[in-house]
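Each chain gets a letter, A, B, C and D, in the order it is written, and its residues are counted from 1.
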Amino acid sequence: MNPTSLAGKRILLTQAQDFMGPTLVPLLTEMGATVITDDRVLTDPGLPAELVRSAGHVDVLIAHLGVPAATSTAQEGTEEEWRIAFAAMVDPLPRLARAVLPQMIARRAGKILLMGSASALRGMKRASIYSAARGAQLAWAQAVGVEMAPHNVQVNAIAQNLVDNPTYFPAEVQAHPKFKERIKWEMPLGRLVSAQEDAHFAAYLCSEAANCFVGQVFPVCGGWVPR
Amino acid sequence: MNPTSLAGKRILLTQAQDFMGPTLVPLLTEMGATVITDDRVLTDPGLPAELVRSAGHVDVLIAHLGVPAATSTAQEGTEEEWRIAFAAMVDPLPRLARAVLPQMIARRAGKILLMGSASALRGMKRASIYSAARGAQLAWAQAVGVEMAPHNVQVNAIAQNLVDNPTYFPAEVQAHPKFKERIKWEMPLGRLVSAQEDAHFAAYLCSEAANCFVGQVFPVCGGWVPR
Amino acid sequence: MNPTSLAGKRILLTQAQDFMGPTLVPLLTEMGATVITDDRVLTDPGLPAELVRSAGHVDVLIAHLGVPAATSTAQEGTEEEWRIAFAAMVDPLPRLARAVLPQMIARRAGKILLMGSASALRGMKRASIYSAARGAQLAWAQAVGVEMAPHNVQVNAIAQNLVDNPTYFPAEVQAHPKFKERIKWEMPLGRLVSAQEDAHFAAYLCSEAANCFVGQVFPVCGGWVPR
Amino acid sequence: MNPTSLAGKRILLTQAQDFMGPTLVPLLTEMGATVITDDRVLTDPGLPAELVRSAGHVDVLIAHLGVPAATSTAQEGTEEEWRIAFAAMVDPLPRLARAVLPQMIARRAGKILLMGSASALRGMKRASIYSAARGAQLAWAQAVGVEMAPHNVQVNAIAQNLVDNPTYFPAEVQAHPKFKERIKWEMPLGRLVSAQEDAHFAAYLCSEAANCFVGQVFPVCGGWVPR
């Protein structure tokens, strides 16, 4: 069988209406996966376990957690902004892991793909809250990836930025002249990464072909970070 | 004047009895700095502001936040372990920044040096909680570093590991045969980094000579991570 | 059409009998590509141009250049070992680029995929000659990748290590107890990356799905380097 | 004794009139070192050994090799440009190592500091020749650094860019409006790194305080690369 196929895979996708969800669901489905979706932001501590329980058999968990980035400066950011970012993007990770890893370890097969952000790899102004949360995610995926490797469970992360998606780059942002100048200067690719391109790469990382990657972070940002 | 000198600098050091504190305090003092210390773990949300207020003029804040690492696996780690790690090592950062940055921005001079961990740069087993917290720290320092650069305020981080210190490598750990084998295999340096070496590098990054570094992460781990 | 397909692509592969060649050729062919192969080490300065000329239309050039690594120490390595490594692995790159880029720029479509080495990303003993040559390759791919991006030509690199292949890991190396201990300590994956896994990833990077990657280096080494 | 001092150190500096030389010589001297200089580009294969022989006891070799960067595109660069860059910046490295390492290994003490370039860490247009040569340098330093560590000989590299120096950023380049816009967009620091700042950091890496760094690459580029 083609190891890049997702035929027969049961993929659990969180926050399926946001961020990359609207592109991921049809693509993964088209590639043969059964995509089990949930649309809630996972701030409630009980949700991750509930989600996994009701999903049943999960071959791949796509940890897809994103909320609009606070744009406060470091001296102005509030406790509330910090709490929201971590509650939605960071705290659910260990809960998801506790819920889903036992079945994967028992089967000696499974994957977690974190849809993370390159903002953790390169500093940006007015993004310290968001970047900190994203940094926790990537370091977590690296550590759990190394830990789970002997169980034949692969945990990896995409670190994306400047990918066309309605959560972070709505039309009004893209239309702004300053944004166009930013693309020109900061992005070797010269255009946003398309949602399709990002989703195809995610699909690859969900497949058996990617069994060799463990605890690895893959930038998907058109050259915004070099590696 | 020698730009590597710390003469006349007022340096605020948190958790001064732990981790690198016992080495940093005498060295920074010997190099001419006035070191203002506090010994508490900064879990209480009000402490950072109180600390900075009572310190008065702060030229350099050394954000030195560390608690013993939980060693649970990803499937076993508890909410409590997660909460402790983030409450002690991550949540204080924005509070410290809100408290100390305004005076630095006003003077157009100042530095924050984060004593972070290389565990955020390379995955380790049974370290996902700790690594996640350390990852939030490094990404935060990168972002705030880029944001503060135009104010002539430099925010950087040391990402250390395998540095001889009583918090993370007490004598009984170092004496263990498995630890010696780990050093042999994982650490090109072939020995722990000494606390003095780490502290000297930190002192350099606190000095005017380091004004050119912004939002940068410096591994200090004897080659455990290559860059 | 499925953007991960290679149907109709003309792929030029150098040193097709060595290294990853025996796995790449059948896989790329099976995925629909016409693979044009050459078996020579490209030391002769005139070969790259000749190769491209006789290949005609080239959609993707796989710059697949490898010779067995010298294992001399830095104080013992010879001029001859250095010259051989650079003549075979480094000097052909700009010649290949001069030969193949004009047609890609003219068509505003094309790719170069460098099959590079992670030895350029992490130091190893007795590998300075080899690593230096591999470092030249990766930096070259990053630079040409940024330069070619506006032409819609994508240049990227795989940085592999510990991938099962007869050039670098023949059976007698794999059977050695020291090698097994090395895998255990240095490689989170716990086994060599299979040639198939590496080749599938290379195939992905040759496809239209990978148009968003420019000047990027992808480690394929089972976690031997974290990113 | 202060481990950051260079008192009594004999430092051999190559190409001492170029690049960072005019700043390094007086600073290292002021810090107590005896600086042995040579002004030639080391293209001649016999020069490195001759240099080391006539220098006698060398505590630290600063491998400081730089020639103006070719600015050809990848499709236009010539054999001659490639040959000049590698002959001046890359090929001398193993010759210097063969000449200077034996005395360091014998004494179980010594350092090589490579003054390298961040152009090997991030792609730039019209810089593929130069970047490739610089990439060979950095990968070489990483490998030799790991190899020499057990001998208590430290080999490390600075990867600089956008440091004020007459070889790469003469006044006419700095005055150009496009250059100013580049600084604004690409460099979080918002100004060139001063030659003094770079030289102070190099001096630190030449001192005993830096004995804990092996095979490490330190970006000095005002945030142009994040790590």
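Basically, a contact is a pair of C-beta atoms (placed from the backbone, for glycine too) under 8 Å apart; a residue touches a chain by one contact, two chains touch by 3 or more.
Predicted model only: the values in this text are computed from it and were never measured.
Asker: Counting C-beta pairs in contact, which comes out ahead: C-D or A-C?
Answerer: C-D
Asker: Nearest whole angstrom, what separates the Cα centre of chain C from the Cα centre of chain D?
Answerer: For chain C versus chain D, the centre distance works out to 28 Å.
Asker: Which residue numbers or ranges of chain C touch two or more of the other chains?
Answerer: Within chain C, residues 121-123, 142, 145-146, 188, 215, 223, 226 contact more than one other chain.
Asker: So what shape is it, when you link every pair of chains that touch: line, ring, star, complete or other?
Answerer: Its topology is that of a complete graph.
Asker: Where on chain A does chain D make contact in their complex?
Answerer: Residues in contact with chain D: 121-123, 185-186, 188, 223, 225-226.
Asker: Please give the residue numbers of chain B that touch chain D in the complex, ascending.
Answerer: Per the touch definition, chain B meets chain D at residues 3-4, 142, 145-146, 149-150, 188-190, 193-194, 196-198, 200-201, 204, 209-220, 222-223, 226-227.
Asker: Over in the complex, which chain D residues touch chain C? Could you list them?
Answerer: Interface residues on chain D, with respect to chain C: 45, 73-77, 79, 82, 86, 90-91, 93-95, 97-98, 101-102, 105, 119-129, 131-140, 142-148, 215.
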